[in-house]
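The structures come next, written out as structure tokens.
Next come two complexes built around chain A: one with chain B, the other with chain C.
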Partner chain A sequence: MTLEISPRRRVINFVMLSLSGVCTVLVIAVLFFILGYLFVHGARSLNWNFFTKLPKPAGETGGGMANAIVGSGKVLLLATVVGVPVGFLAGVYLAEYSGKTFAFVIRYVVDLLNGVPSIVIGIVGYALVVRPMHHYSTLAGGIALGIMMIPIAVRTTEEFLRAVPNSMREGAMALGATKAQTVFTVVVPAAASGLMSGMMLNLARVAGETAPLLFTALGNMFWSKGWLAPIATLPVMIYNYAIAPDEDLHQQAWAAGFVLLLLILVVNVTARMIIARGPASSRR
Partner chain B sequence: MASTTHIADVLRRRNNRSFFERLAGGDEIAYSITLIAAVAILAIVALIVLELWTHSTPTVKTFGFGFLTSSAWDPNSGKFGALPFIYGTCLTSFLALLIAVPLGVAASVFLAEMAPPKLSDVLTFLIELLAAVPSVIYGLIGIFILVPAIRDYLVQPLKAVFGFLPIFQGDFYGLSFLSAGIVLSIMVVPFIISVSREVLLAVPTELREAALALGATKWEATWQIVLPAASTGIIGSAFLALARALGETMAVTMVVGNTPKITASLLSPGYSIAAVIANEFAEASGDLYVSSLIFLGLVLFGLTIVINALARILILTTTRRGMK
Partner chain C sequence: MLVATQGQPVLNPAASLPAQAPAPKTQPASKLIARNINFHYGSFQALHDISLEIPTHRITAFIGPSGCGKSTFLRTMNRMNETLRNTHVDGELLLDGENLLTLDVTDVRRRVGMVFQKSNPFAKTIFDNVAYGLRVNGIRKKSIIDEAVERSLTHAALWSEVKDKLQKPASALSGGQQQRLCIARALAVEPEVLLLDEPCSALDPIATLKIEELLFQLKEMTTIVIVTHNMQQAARLADRTGFFLLGRLIELDDTRRIFQNPGKKETEDYVTGRFG
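Let's look at the complex of A and B:
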């Protein structure tokens, strides 16, 4: 027995299914056209000065972003020091220690923090650090980005620790290890590669954040000394140069965008490959 | 026999260790440290709310909640009203969803229902990679590629066909609600696709098979059976995208035009909550000015929290139902 499907239904089926395929191609094409343009245009605007020279005063051409590259590094280092330990330990708590109700509350609040718009985190950084100290600083920028790193750090830690099979915990306990020894010498090392790539993704995410730095780290045309002076960062430089009415600065903004995006994408691809190949996911 | 009692004995002794013994063994310390970290997160969020609230009191005291409905924004004469920014934030986000939801859902249908699993995985990986692109990069692309493209290729046809509508009247200079909406839509599409795809994949295969067995075409099975079953989750993905669009700062700031104005025309420049904070906060002088901007931040915070919570509930209900 064969089922009869009228030509009209056949045509509708074909048209609609093709349409969904076309939409997919359209979305991917638009996105990749844009990124392709950035890569071509950005790479063309890139030169050695970009990495080695300081920005030139307004009106002069040339110069580079050496201070912003170092600045981004400093701010991200500080953010990692602020955000990762708190997030990691809270993640350990959720995965290994917590009861149901309190864990629900913490998870909810972590999600909430993850949803806070980045500009609001900027305001908080300003209110907590800049205002009491009366000046913009690397410290304020690092703390703002650090707060942004916490939610993802918690979630990845919890997820990867949960993926460690219970037999490992039981094995450690049976050998006489205490709970703390089990968690920190058996479970955490077993999840280490996942945890590391999770943190890399986390870092890549905040590396491009601009809004929280606008009025915390502010910006700086020169080298920033110590941790309490304003500091230039790549994303803020891109923003400032892109809206400046100067073709030479636009070129530098493209170059900076290229460098920033390349770093972020390389970290993302590497980390995702490690996670995909890691032991944690194959066991799931 | 003897060994069993020995083990039981050891276990009993271990469980009966005093608090100080466990402290010395590191157990209590490790537990306390992780607990402190977890509680610290609660404290940080509480601190965020508290800071936003205390710093916005001057504005609340001066204008009351009329601040939210006033459209006057003139820092020089001390007049502050939030309406143009709330309007701009909502309008640009709504525009973004209007473009991104149909495209994103169609693409997720293709990825979940039609594409071979391998191809689907590769495409999803690429699309998720796009979600990692920072917003300042989208802003850069917006200013230099999309805005000129919209001006040259989109606005003329739109005006020719829909020019009689109030939303397409007035002159177009590039920076506008429309540009911001389009840039935002490109930014949120990856989120809609990856969440909707997950939700569609969670719909039980039996439903599809039953529909196909009853003689439905692939499209009919998708449109009449699978999509309705996944609808709550798909709406959830739209809400997630909405929350992101509302809070999006840099890309909008760079293409929206930064003019506090309420007009029906999408072609006119506007402003958004996040954009006004980004633009004016560092230069704001005077308590009232700063506190008005912080109050706007609090409004944005509240908006995104409500939308995020709704999205999470919607997505959870469908994926849970699907797993059963």
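Let's look at the complex of A and C:
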């Protein structure tokens, strides 16, 4: 004998299933809409010159964004050098050394830092680097993005280190390893793939940041004169071109958006592939 | 005190001559002597006044129901409990006459090795797992490390199975192999005492048998203390067996005596299966 399911329950079940299904499709649709729109508009204006040429002066058509592509690379490199070591070591402290109460406080502060609007981080970069040095610079941009990377670097490091089973730490210490040896030669290597991909996702996240760069790296229509000079970056270039009154510049902005998105997607997918491969053996 | 020494005179190892005369089979010297060990987790006292002696080149087994303190005591002997917060130990643990509770902790752990209940290979290659203890203790010379890795794996009866895949990750080994790898890793630093905390509880009978055979051979090289839930294992393996109950050492005696003619009622009840 089976229990009858009332028609009312059947209907509710159907409605809920449909609703959640539709919302899922919506979520995916947003991504594909952005991808598709950028592809249609961006890929059309993408050509070899975009990657090799400098921007043309106002009024002239053609040119490219070679300086912004290299510039984004340089700023992101600097951001990694600034943000990852600080965040990583703070995360190590949080996961391996700190007591419960103190860890709670640090975690709270880090989450607050993560919530600071990116434009404010830009102002911090301006106040800390640009003002004292009296000019906008690659360095200032890198430091601003580096600060943006710190909170996520701390939390991913903490999370992946905590995921390493305690038995491994005990195993190392039982062999006469010190705490530091245990952490850096057993625990960190065991979490290496997770840490690596966490940092890549972190980098991908700040790669598209525009606001912190407006007051720091500023922008540049030419090749940057060095780490202490202003530099062009893709997000700022998109911003400047998109609000410019010239249709040709709009096309260039689309292309830049497409390239930026592509780069971020590649980093994302690579990072997730590293995670999926799991804790691989470390190098000998 | 010294509940468990059968009334034999306790040699003071500090006073004994360092001469390398082979100990007579009947009465080996004590490698480790515990005197009045009390241990607290926070306000909970997990060990009450444990005093005992661990003879050199013998296998000593600790049995007892779960939560009786046998693992806690084992982890006191290489000071692993210090990695936990809010613990306190007092008493004396003499390793060759020196109180190991006051020695340098990393030095103690190198001299008193440990194998855990669940095999815990590092996320490294088989080779690097075995070499780890040497490397953290400052040995860098490749020839020495190579030689020690082969020797340790051979002693752990694993060499023939892994010699062609030393650069494979340790996680590729089976459960029994991983546990033998952990034994090899512990042996590589040539510990004077090897502590094993229920090393076979996650293994099938065949892997268990292999490890037991291995331990039997290893007592030529080192002094072994094993915690086990399996009374047959203690009976098969150990020269001496200690019975723990509720944080106290009820008695420690020759294994045969513990299982056939124990001195205490509690021990008899436990080994005959009346409780536990």
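Just so we're on the same page, the second predicted complex is superposed on the first by the 249 of 284 C-alpha atoms of A that agree within 3 Å, B and C clash if a C-alpha of one lies under 4 Å from a C-alpha of the other, contacts with A are read in each partner's own complex, and residues count from 1 in each chain.
What we mean here is this: a residue touches a chain if its C-beta (ideal position, glycine included) is under 8 Å from a C-beta of that chain, and two chains touch if they have at least 3 such contacts.
Just so it is clear, the structure is predicted and the values come from calculations on it, not from any experiment.
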Considering only the touch criterion stated at the top, classify A:T52 as touching first (chain B), second (chain C), both, or neither.
-> neither
With the two structures laid over each other on chain A, which partner does A:A174 touch: chain B (first), chain C (second), both, or neither?
-> second
Could you say whether A:P165 touches chain B, chain C, both of them, or neither, answering first, second, both or neither?
-> second
Once the shared chain is lined up, is A:T61 touching chain B (first), chain C (second), both, or neither of them?
-> neither
Touched partner set for A:I34, first chain B, second chain C, both or neither | first
Contact breadth on chain A, by residue count: chain C or chain B = B
Touching chain B in one complex and chain C in the other: list those residues of chain A.
-> 178, 181
Complex contact set, residues of chain C against chain A | 78, 80, 83, 85, 106-107, 109-110, 113-114, 116, 118, 120-125, 127-128, 132-133, 135-137, 167-171, 182, 185-186, 189
Complex interface listing, chain A residues touching chain B = 3, 5, 9-10, 12-13, 16-17, 19-21, 23-24, 26-28, 30-32, 34-35, 37-38, 85-90, 92-94, 96-98, 102, 105-106, 109-113, 115-124, 126-128, 147, 150, 154, 178-181, 183-184, 201, 204-205, 207-211, 214-215, 218, 235, 238-239, 242-243, 250, 253-254, 257, 260-261, 264-265, 268-269, 272
Given the complex with chain A, which residues does chain B contribute to the contact?
-> 25-27, 29-31, 33-38, 40-42, 44-45, 47-48, 51-52, 55, 102-104, 106-107, 109-111, 113-115, 123, 125-127, 129-130, 132-137, 139-141, 143-146, 186, 189-190, 193, 215, 217-220, 223, 243, 246-250, 253-254, 274, 277-278, 281-282, 293-294, 297, 300-301, 304-305, 308-309, 312
Per the touch rule above, chain A residues touching chain C in the complex are 99, 165, 167-178, 181, 185-186, 189-190, 192, 279-282, 284
